[in-house]
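Shared between the two complexes below is subunit A, which has subunit B as its partner in the first and subunit C in the second.
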Partner chain A sequence: MTGGAWLCLLAPLGGTSLITLCGTRIPRVAAAWIATTSVFVAFGGAVWAFVSLRSQNGHRGEFTTAWTWLESGNFHAGLQLFVDPLSTVMMLIVSGVGGLIVLYSIGYMDGDDEERRYFAYISFFVFSMLLLVEGGNLLLLLAGWGLVGLSSYLLIGFWHERPSAVEAAKKAFVMNAFGDATMALAFFILIAHTHSLSFVSGFGVGLSPTAVNLVALGLLGGAAAKSAQIPLQTWLPDAMEGPTPVSALIHAATMVTAGVYLIARTHFIFEQARTVELIAAGTGALTLLVAGLIALVQVDIKRVIAYSTMSQIGYMFLGAGVGAYSSGMFHLMTHAFFKALLFMTAGLAIHALAGEQDIRNMRGLGRLMPFTKWCFLAGALALVGIPPFSGFFSKDSIVASTAALGTWYGWIFWVCGIAGAFLTGLYTFRLWFLVFPGEPSPFVREHHHKHHGREGAWTMLVPVGVLAVLATVGGWLQWSPQWHPFSDWLEPAARTLAVAAPTNTQEYYTSVATVLAGLAGIAVAWAIYSERKLAIPAAPFWRRTLEHKFWFDELYDAVFYKPTAAFAAALRREFEEPVVLQTGPDLGRTTLETGGFVRRIQTGLLRTYVLFLAAGAAGVVLAFLIAK
Partner chain B sequence: MNASSLTSILIWLPIAGAILIWILPLSRYATGSLALLFSLAEVGFWIEQAARFDFTRSGLQMEERATWFGDLHVSYHVGVYGFSMWLVGLTVVAMAACTGYGFWVGRDRSRAYFGLMLLLTGATVGVFVAQDLLVFYAFFEAMLIPLYVLIGVWGGARRMEATIKFVIYTMAGSLLMLAAIIAYGLKSGTFDLVNGPTSASRWLFLGFMLAFVIKAPLFPFHGWLPDAYREAPPEVSAVLSGVIAKAGLYGMLRIAIAKFPDPTSFYRTAVLALAAAALVYGSLLAFRSTDFRGVVAYSSLAQSGLIALGLFAGTDLGFDGAVLQMVAHGLISTSLFLIAGAVERRTTTGEFRFLGGMARGRPALATLLMTLGVISLAVPGSASFAGEFLILAGVFQRAWWWSAIGAGAIVLAAMYMLRLISAVLHEARGSTVADEALDLRPGELALVVPLVAGLLFLSAWPAGISHHSFFGQSPAASVRSQFK
Partner chain C sequence: MLGPDVAWYVAVAAVLFGIGALGVLIRRNTLVVLLSLELMLNAGNLALIALSRHWHNGSGQIFALAVMAVAASEVCVGLGLVVALNRRRLSLDVDTLSELRG
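Let's look at the complex of A and B:
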């Protein structure tokens, strides 16, 4: 079991090292296959760990330590993995979906002259993500957490000659560094009180209420930054500057959902800080609405899907925040399938149109790309949550668990969830109606070209097909009232809170409501966009507000970045240069002037010198002795 | 070979090398080779020392003592503790890389140059192993003399100005330290650091601290730093920020904190405030610097502040983190300055407005600068992250706001380091970056790659240093007991 976990973790790192060390001595395609193989080997390791954990009685999990990573005083943190139901689920998702996306990249990145660097980065990402989910203590989790941020930075800025890509990469890194910092502060509190960051010691138990609330807030800060939840969401849409498979892998399927994993992993702490946990749920509810609204006015195909990702992670935060950890995790899994699928079909479209991403130019693409069209439709239906597609099963149980709370905020969450379903239907099918049905537009006719006589290379079509199947049937793993192997599996690691367990009635009426809301959204989208009457809502104020993404970027620029930069510049201008840097020369000048004056006592008589020397030294020594 | 003579060998071997080079009328190439040979032998002796060091034993190891002035109780007394051994290692490794760099770029007046580099190596090792205050002072001063000459002769256009500033600042600190040393020695009847008593004198503490905060430096005593780091030859800047600055921080640990426990508690908040100010101020100025070396220089100021935070936290985690961070930052800034030198050689400038786009077609340069940059901004999982984490967790136990300030500075570090990386490597090609500008050559790689490999090794096993610097389970207790 632990062997599988180590294999899973180290295979992608081996891939990265091999590609980096070989450099230009191997052909590009070899680098691509090294990366793909290493990630599929990792998937093999994950399956190994999963199967052996399943056969273990009670499957509660097992730690394995390679060596002590950091040690000081009575604090020590091992290079330690934790194989338990929660981490194996994440390992399977990360390496499985990851492997498919890396395979897809072979076709997508074909012809880029820095392919090797891309594949080194992407297997490094998979390694980092696996470190995050397998780490057996919070310190290693934070190490993985930071390294996924680094790989995200590297991959967003992959095309580093584009200034917009470099800016987006820096923005993503700095916002995530902010989240890392709040998490680190939370860890300092834990270390000060319990001397440990390991998952074993029933961590976080016995803290004072204030301390536990602060720890939970710090963790939530990290989770919100990584998962692009309000107020730390602004980096995600810009991150679409990276290659499309990166958007699929990092900014949809795996990394951005890490916040949900964190909440599930540290639920001991969040349950002691129930208020903070509900703040997490509220953050999710707010984000799912705001992101859904912004998605309505985006014209870049990837940005629409990016906002949809934010919105869906909002659902996961909502589920995990109210205490339905397994529902949140289940949605994480189905979302990984259908969102990766949507990004990859979008990638096929972008690829076939020579890099075009503006949906206003894409009308009628379905006629030329039927495979892409049907796969996209499967993903879209799963996203909206129409049965029997996977999203239906996972989204429903999250919304139902808010109903189970039975409190006023529970009902607000419920309404948000239903409204979010409507928005999801609307923005998803806006995209659908604008891009796929109808006669191909002149732009599409002119720019469309086939690769290898198909809609893409086989390395691109196979993963898309597999994910289309998974997006369709992946949800059948669990239908909460009757059939729940997924929740049962996770129960030892993250048991759903009793207050968040819905009754059958709540499940049924919530299902009906979300499906109806989703259908209503689709119907409205059809009414507005099927005839391409208008691509964007007309009300000017709201339209501008949405197009400016509720002015968050402008706000942060004015409140944080500009004052910091101005303060730093002022420090340099007003203090460093005139005061600090001048002190030396001033001292020097004074010294010279004094020297000129004192020169007069240079009499040439040795006895005078010795007298001065002795008197001076004695004086200083005396001063120290007297002053103590 | 007797283990205890290793310490003396580490001091005197490079000094003997320096004298040999000054005496022998060798060609430039032969001089460089000889100097490089000496510095590599030095690394070999250090490895031998580390291998023979007994981490399960407390107290001073590989000790040598010979009476110097018997009636004053001054003796040539040297030896190593765990933490000083790591700093000696940093010194010899960084000096070997920098000497190699000088050889690679072919410094003129080679006999003078390489002799001074070797002399600097020996003196710096002496600072880290001296166990007698007068010996310590002698090496502390001996370390400065080659630096003055190296900056003043081989530096950039404004080198004299930089040298004069450097001399004035360091002299001011050193003289007060000398007075403090004499007063301490007369009062306690010995200059020995191991057997000497602790002192409660606040004035003596301040006398020592002034020398150390100038050398480290901490805000606002860093007036010499920006010019010295910009005007010195790159390999000398590398030594200054990577190694020499650590001598100041080492002095705080070995003398100010260990010998003056009461004044340390009395001035703790004041020193922590200076350290935090250095951290924030350095980070902010690094963020606005317009050239490669300016960013690294101010980030060194910030890192000195961070390390001082760890030392004056006075907690287990703070001490261990500070030692780990001294070594990690030493390797980082040495390599960064050498890369700055490599960039300047190719483009004639370090100004960001003339640079950019160097990543294309230069994979080795891009990979190394990127790796160093992200380790330098303490990406979680790296050696410097481990050091910063321990320091901030340690100072948290003193008061939470120090860690909050530190965490804020970490975000700033991400901002200035990523700015440096993209200004050099990314976006449009800078006006001074010629297409023909080469990637790092094998000679340059041979200097920087070992340092980076060391950092990666420390990233995989930071406990290698953090748990092997002080004897016993509690570094704070070890400091309180004078490392006995």
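Let's look at the complex of A and C:
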């Protein structure tokens, strides 16, 4: 069991090292296949760990420690993995979906100048995420957390000759560093109070209320930054500057899901700080609405999908925040399937149109790319949550668990969830109706080209096909009112709180409401963008607000960047130039002047020196006599 | 106690020291400067021995022996320098030897 975990963790790292060490001695295709193989080996390790954990009674989880990594006083942190139901689920998702995405990149990145670097980075990314989910203590989790930030920085800025990509990479890194810092502060408090960061059951119990609230807030800050929740969401849309498979990896298998995993993993702490946990849920509810609204006006195909990710992660936060950890994790899994699928089909479209990403130019693409069209439709229906596609099963239980709370905020969350379902239907099918049906536009006719008579290389089509199947049937694993093996599996690691366990009635009426809301969204999108029966509401102010993403970037620019830049400029003007820059020449000049004065004493005449000596001695004698 | 009072000895020592110091300050011949230095050292010795006798304390005499050893070595170095100067046919006038002027 632990062998599987180690294999899963180390295989991608081995892949990265191999590609890096071989350098240009191996052909590009070999680098690509090394990366793919290493991630699939990791998936094999994850399956091994999963199967052997399943065969254990009670599957409580097991620690495996390679060696003591850090030791300081009575604080120990081992290089330690933790194999339990929660981490095996994450391992399977990360390495499984990650492997499909790496396979897809073989076709997508074909012919890029720096393919080897890309594949070294991408398997390093998978390694970082696996370290994050497998780490047996919060310190290793933080190490993985930081490495995920690093590798996302490297991959978002992969096309480093584009200034916008470099900017986006820096932005992602800085926003994530903020979250890393709050998490580190939370860990310091934990260490100070409990002397341990290990995930032994019930860790973090017995803290004072203030301490536990602070710790939970710090963890929430880290989770919100990594998962792009308000107010730390601004990096996510810009991260679309990276290659499309990277977007798929960031959004589906790795990175943004880390926040949800963190909440589920540290639920002991969050449950003691219930207010903070509900703040997490509120953040999720707010984010899912805001992201859904912004997605309505985006014209870049990848950005629409990026905002849908933000919105769906909002659902996961909502679920994990109210205490329905397994529902949040289940949505994380189905989301990984359909979001990777959506990004990959978008990548097929972008590839076929020679890099075009503006959906206003893409009308009628479905006629030329039927496979892409149907796969995208499967992903879109799963995203909206139409049965029997996977999103239906996972999203509805999250919304139902807010109804189970029965409190006033529970009902606000419920309404947000339903409204979010409507928005999801609207923006997803806006994208669908603008891009796929109808007669191909002149732009599409002019730019569309086939890849050897197919819609893409087989390495791209196979993962898309597999994920289309998974996005369709992946949700059948669990339908909370009737069968729930997923929740049962996760129960030892993250048991759903009793207050957030919905009754079957709540499940049913919530399902009806979300599906109706989703269908209504689809219908409105159809009326506006396909039949043109409804005009797009003319509300210039709101439209501008949405196009500016609620002015978050402008706000941060005004609140953080501009004052800092002005302060720095003032410091340069008032301090650096007059003080620091002047000091050096001043020092030199003063030394020269003093030296020029003192050198006159050095006459070279013996008698002068003797005179000074004698005078000095006489002075000393006089001083002694007077003092006496 | 035999002989004159200790104050006389000290006075003679002071006079000798003053003559030596003046010699070092005023004379320009290297050899005479060295001689004057010896004079100052011996003035010191005289004072040490006189006071040692006065206080019935042997330390002063030991000190005087040490000063003699130092004086001997100093003369060695000094005369060595003079010989070296002479060999290079440099002037023995200390005022002309002022290359270290700042």
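We adopt the following convention: the second predicted complex is superposed on the first by the 563 of 628 C-alpha atoms of A that agree within 3 Å, B and C clash if a C-alpha of one lies under 4 Å from a C-alpha of the other, contacts with A are read in each partner's own complex, and residues count from 1 in each chain.
Here is the rule we use: contacts are C-beta pairs under 8 Å (C-beta built on N, C-alpha and C of every residue); 3 or more make two chains touch, one makes a residue touch a chain.
Bear in mind the structure is a predicted one, so any value in this text is a computation, not a measurement.
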Figure out whether A:541 sits in contact with subunit B (first) or subunit C (second), or with both, or with neither.
neither
After lining up the shared chain so the two structures overlap, which partner does A:408 touch, if you call subunit B first and subunit C second: first, second, both or neither?
neither
So which one touches more of the residues on subunit A, subunit B or subunit C?
B
Please indicate which partner A:606 is in contact with in the superposed arrangement: first for subunit B, second for subunit C, both, or neither.
second
Which of subunit B and subunit C A:71 touches, first, second, both or neither
first
So in the complex, which bits of subunit B are touching subunit A?
161, 164-165, 168-169, 172, 179-180, 182-183, 186-187, 200-204, 207, 220, 222-224, 226-227, 281, 284-285, 287-288, 315-317, 320-321, 357, 359-360, 363, 367, 370, 374, 377, 379-381, 385-386, 389-390, 392-394, 396-397, 400, 403-404, 407-408, 410-412, 414-415, 418-419, 422, 425-428, 460-463, 466-467, 473-476
Listed in rising order, the residues of subunit A that touch subunit B in the complex are 20, 23-24, 67-76, 79, 117, 131, 139, 142-147, 149-150, 153-154, 157, 160-163, 166, 169-170, 173-174, 177-178, 180-182, 184-185, 187-189, 191-192, 564-565, 567-569, 571-572, 576, 579-585, 587-588, 591, 617, 620-621, 623-625, 627-628
Contact set on subunit A toward subunit C in their complex
598-607, 610-611, 614
Residue ranges of subunit C in contact with subunit A within the complex:
21, 24-26, 33, 94-95, 97-102
